[in-house]
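Listed next: structures, encoded as structure tokens.
Next, two complexes with chain A in common: one pairs it with chain B, the other with chain C.
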Partner chain A sequence: MKAAARAEKKDEKKRRPCRSMLYMPGNNPGMMQHVPAFGADSVLLDLEDAVSDREKDAARHLVSRFVGEIDFGDTLVTVRVNGADTPWFQKDLEEVIPAAPAAVRVPKCHSPEDVKHADDLIGRIEREHGMLPGGVKIHAMLETAHGIEQAFEIARASERVEALTLGGQDLTADLGVQKTRDGVELFYARGRVVMAAKAAGLMAFDTVWTDIDDMEGLKAEAKLAVQMGFTGKAAIHPSQVEAIHEAYRPDPKELRRAFRIIGAAERAEREGKGVISVDGRMVDGPVVTRAFSLIGLGRLYGIEEEEDIR
Partner chain B sequence: MESSDCMVVVAPAESYSLEYGGQNEAIFGRRTERIAREIAERRASGRASVRIQDRGALEVTLRARIETAFERALEVEKEGEVAR
Partner chain C sequence: MNAGQNLKMVKNALGREVPVEIPGLGKFEPYVSPFDYLGRALFRTQETRPIRPREPRHDKVTDDIRKAVERSGLENGMTISFHHHLRNGDAVVPAVLKALSEMGFKDLSLAPSSLSDSHDMVADYFRNGLVTRLFSSGARGEVGRAISAGELDIPVVLRSHGGRARAVEQGEMPIDVAFLAAPLCDKYGNMTGSGGRSACGSLGYAQVDARHARHVIAVTDSLTDYPLRPRISVPQYLVDQVLVVDSIGDPSKIATGAARISRNPVDLRIARNAFDLIAASGLLTNGCSFQVGAGGASLAVAAYVKDYMKENRIKGAFGLGGMSGYMIEMLEQGYFEAMLDVQSFDSAVTDSMTRNPNHIEIDASCYANPFNKGCTAHNLDIVVLAALDIDVDFNVDIQTGHDGVLRGAIGGHPDTAAGAKLAVVVAPSFRGGVPTIKERVTTVCTPGETIDAFVTERGICVNPRREDLLASARAARLPVKDIRELKEEVEKLTGVPDPPEFDRSRVVAVIENRDGTLLDTARAVGPGPGRGLV
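Let's turn to the complex of A and B:
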């Protein structure tokens, strides 16, 4: 068995890759029908900020039909509903949940109660429609100082929570600070969101890069998100998807080393040896785990074995 | 209106009628007629005049737009009744 296949087998209980989550205005059928062409790992059909108050009903009908009836190929489909403090929250869930998206993104989660409230509603709707209980996941969006401080409790509020996501726009507004190019004002929040998500065994998604003309800024921020441990990053324009995927591409040197580590670890296991070393450095459990995850990542870029690395 | 979308206007009427316009009328005319009639029957017992301007909408889009138009029209009618 090839190492990449083994890595996948090892990871088979983990979810599909979600490096990019592309926002799409929920009232724009032209964009939604071209979802697979944008190459994003997942899309976020948006009923919240991208839709004017007057068109909430139209977007809700459109999105729920699209999710229920259109084949999006390999792209994971999620829907951002309106917040629980709006008149549309319950209607959004009642119509979207029966269409069975992979997850709904719940904005402005301030506390575990917000998640429990959404979980109760979704559970009831699932029961009413004879759906698998817990099938539609929650991606809890943290975009207030209070929400960030409650990150771990929110992550643990329900089995249904699958990911924490950082909403940088609203958070900087709540903090009373400006969003800067290097994003230093979000450093703590990013760390907090990743730590809480990982501690609870969840995925973590980074906020959007809003300046679509500044590709260099996006690349730097995406790299930071990868380094900090985010599972993926939201995109607000199809042109951002490739830069985000590029940020997740493993460094060829590190990837080669990962293949050598796995090879050495397997040899050591066969020969009953304990501690081993690769390139003069000690290899132990965490090193092997990191090597597996790097190889799993490499597979997304068509690298099945060491010879594929250019 | 953007391409791949359509605009639907619904008004109360004695009987059902459809006015359909768009670039691909010849191709989508019958599909649109079938869907609009079905929704008009279900939502308003066929007592509606429906106008659709189509810019290449998929069936899901067409259905969603027609449903929305009927829902809004019925909402307005209900509010009118309450006001009276």
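Let's turn to the complex of A and C:
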């Protein structure tokens, strides 16, 4: 077995990679049927902003059927429902949850109560349908100043919460500022969301880059998201997926070191030693964990052995 | 309509039934393999054309179409030809057929290099008996429907561009009178497509007809001073008459705006997969050659290729084929040394040939005729081709719609597929809910033996004949799938549609391979006799 495959087998905390989360309008079956072709790690079938009021019911039926019946391959499937303050919230959950998406994204989470409310409803629907309790996760979307300030409490509001996601569009509106190309106005919010999510052991997703013609801008922002610790970034067009994945490509130097770390860890285990040392320095637990996840990431870019690193 | 044809049929090497003889057309041989013709005895050319010497200062110009036809010596039963460089803007085919019909002609063979969407009225002339035989690269719209409905008693012969050049040069399809639209022409018949108000770029298909037709009539709406300059596509010594008309076409439909790179995410995914395979093949190196169409995913492949060449400082030898503005841009930006242009696709190319000596006009024989002493399609490294359908043996159908009706054009597809080192067919894995991969395509236009890979948005299927390519694709970790597996994956989404129903007893067209052997037979659409509506 190759080094990376061995590492992945031992990586108990391994999650499905979620570098990219592709938005797809829930009223567009022509696009949804192509989801597996776009190579995104996860997809977000949208019932909220992408769908006009008069198409809400049709989109909900369509998405529920799609999620229930179509083979999405390796792509993680999530659904964004309408907000709790709309007449569609409950209907959305009642129809979508039985189709068992990996998660629902709950928009406009202002406070822990919003999450608890959604959690109660989802739990009830799961019971009614004899589903595994807690199987469908919540991705809590923070897109107001109040929500950002409550980020950690929201993250810990329910076991069901699996990720925090930043909604940059609505947040800039709430802050009364313009979204700029370098995104300095979102810097604090990004930091806050990542910090809260990581503190609660959750994933964190960055907001979308809206100008699909500006690839350079997307690349820069995706790089920032990686630097700040986001698990992944949302994409509003399939053409953005590749740029986002490129931003997550592990640094070759760091990846080489990760291979040496897990090599040392394997040796230490064989020889019954408790202490690991690499390049003459002691290596502790979190660093080994990080090495495992880095090697898992490298596999997504075709790197199975140290020699595969270009 | 003539019902029972009772043609004697044989199975060719692809297992397709083809006639051995068609009354009104002659004998045919079944397809064997792509280069089977190399092993055969010398081919005989059948006919040379008569030479009629003319006195000095002979007046070739007329504005009377009837006079021009009378002088040409056209008779019932003869063959007339046209080129299709004016695409959807062509007004020459309609005008000439209308005049011939009014003059009372009957029983003509129509042999254009292809027919476009603007030629629906050709079907009317099937019905009034003016045209009884058709030889073409394509049959679209109303013409396709009329053929598929069995409106012509004698089956249509569909050929590739290279196959047509071969048939003309070999004398297999002698042309009696060629009516050649000439966007810019002088009084002695020197003509070019690079100029005039109906400019169309290359006249590559017209050049072959001009060389071999018994009588050549240049049809122009832009008569210019003698001598035409600076470039001449068809020289005066091949032209019998110059017919001046008000308009040879609609310029807005001849030279459309420059084709843009698709933004359709499925097309882009297909293009990306195709490019990845091309890169993995190792053929994109200095001195490489490349051909790509102007549609959907194809042009997007060119964009990826360009980025790769830029990044890796690669300069190709030539681009080939139907030229789009994008390819000319690549020439001007130095990605290729030359562009060999048999047919220009959009407005960006119409005056480029006059400006740029490395944008070179080539004729259809030079492009793709398998029987001349060397065609450019045989020098080609990489070609990206479209398809309507493909089957598990990689046979490609570019002619039959989902309803069984003829609707496409063969073009240079089989020629470049046979000639190129790497022939990649690109198409969405399903369209309109109908899967693209079939167990057997309805009509084989390009034999699967000449196709190296089929690329969709859902993955890359390498022809098992190309073990080397499969290994390269796997080494590059490309999404390789067995074509049958992909077929099943797609059918899980779409189901398997019922094939269209055909009247098996009624042959409406035959598909000629480049070498003149028969690849397949198209049948009339609809239930056959005895299977009518219950």
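What we mean here is this: the second predicted complex is superposed on the first by the 278 of 310 C-alpha atoms of A that agree within 3 Å, B and C clash if a C-alpha of one lies under 4 Å from a C-alpha of the other, contacts with A are read in each partner's own complex, and residues count from 1 in each chain.
Here is the rule we go by: contacts are C-beta pairs under 8 Å (C-beta built on N, C-alpha and C of every residue); 3 or more make two chains touch, one makes a residue touch a chain.
Note that the structure is predicted; figures quoted are calculated from it, not measured.
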Touching partner for A:Ser293 - first (chain B), second (chain C), both, neither: neither
Which of chain B and chain C A:Leu62 touches, first, second, both or neither: first
First, second, both or neither for A:Ile70, with chain B first and chain C second: both
Which of chain B and chain C A:Gly302 touches, first, second, both or neither: second
Which of chain B and chain C A:His237 touches, first, second, both or neither: second
First, second, both or neither for A:Gln33, with chain B first and chain C second: both
Where chain A meets both chain C and chain B, residue numbers: 33, 70
In the complex with chain B, residue positions of chain A that touch it: 28-30, 33, 57-58, 61-62, 65-66, 69-70
Chain C-touching residues of chain A, taken from the complex the two chains share: 31, 33-34, 36-39, 70-71, 237-239, 242, 302
Partner chain A, residues of chain C touching it in the complex: 263, 265-266, 268-269, 272, 429, 456-458, 477, 489, 492-493
Residues on chain B engaged by chain A in the complex (per definition of touch): 2-5, 57-58, 60-61, 63-65, 67-68, 71-72
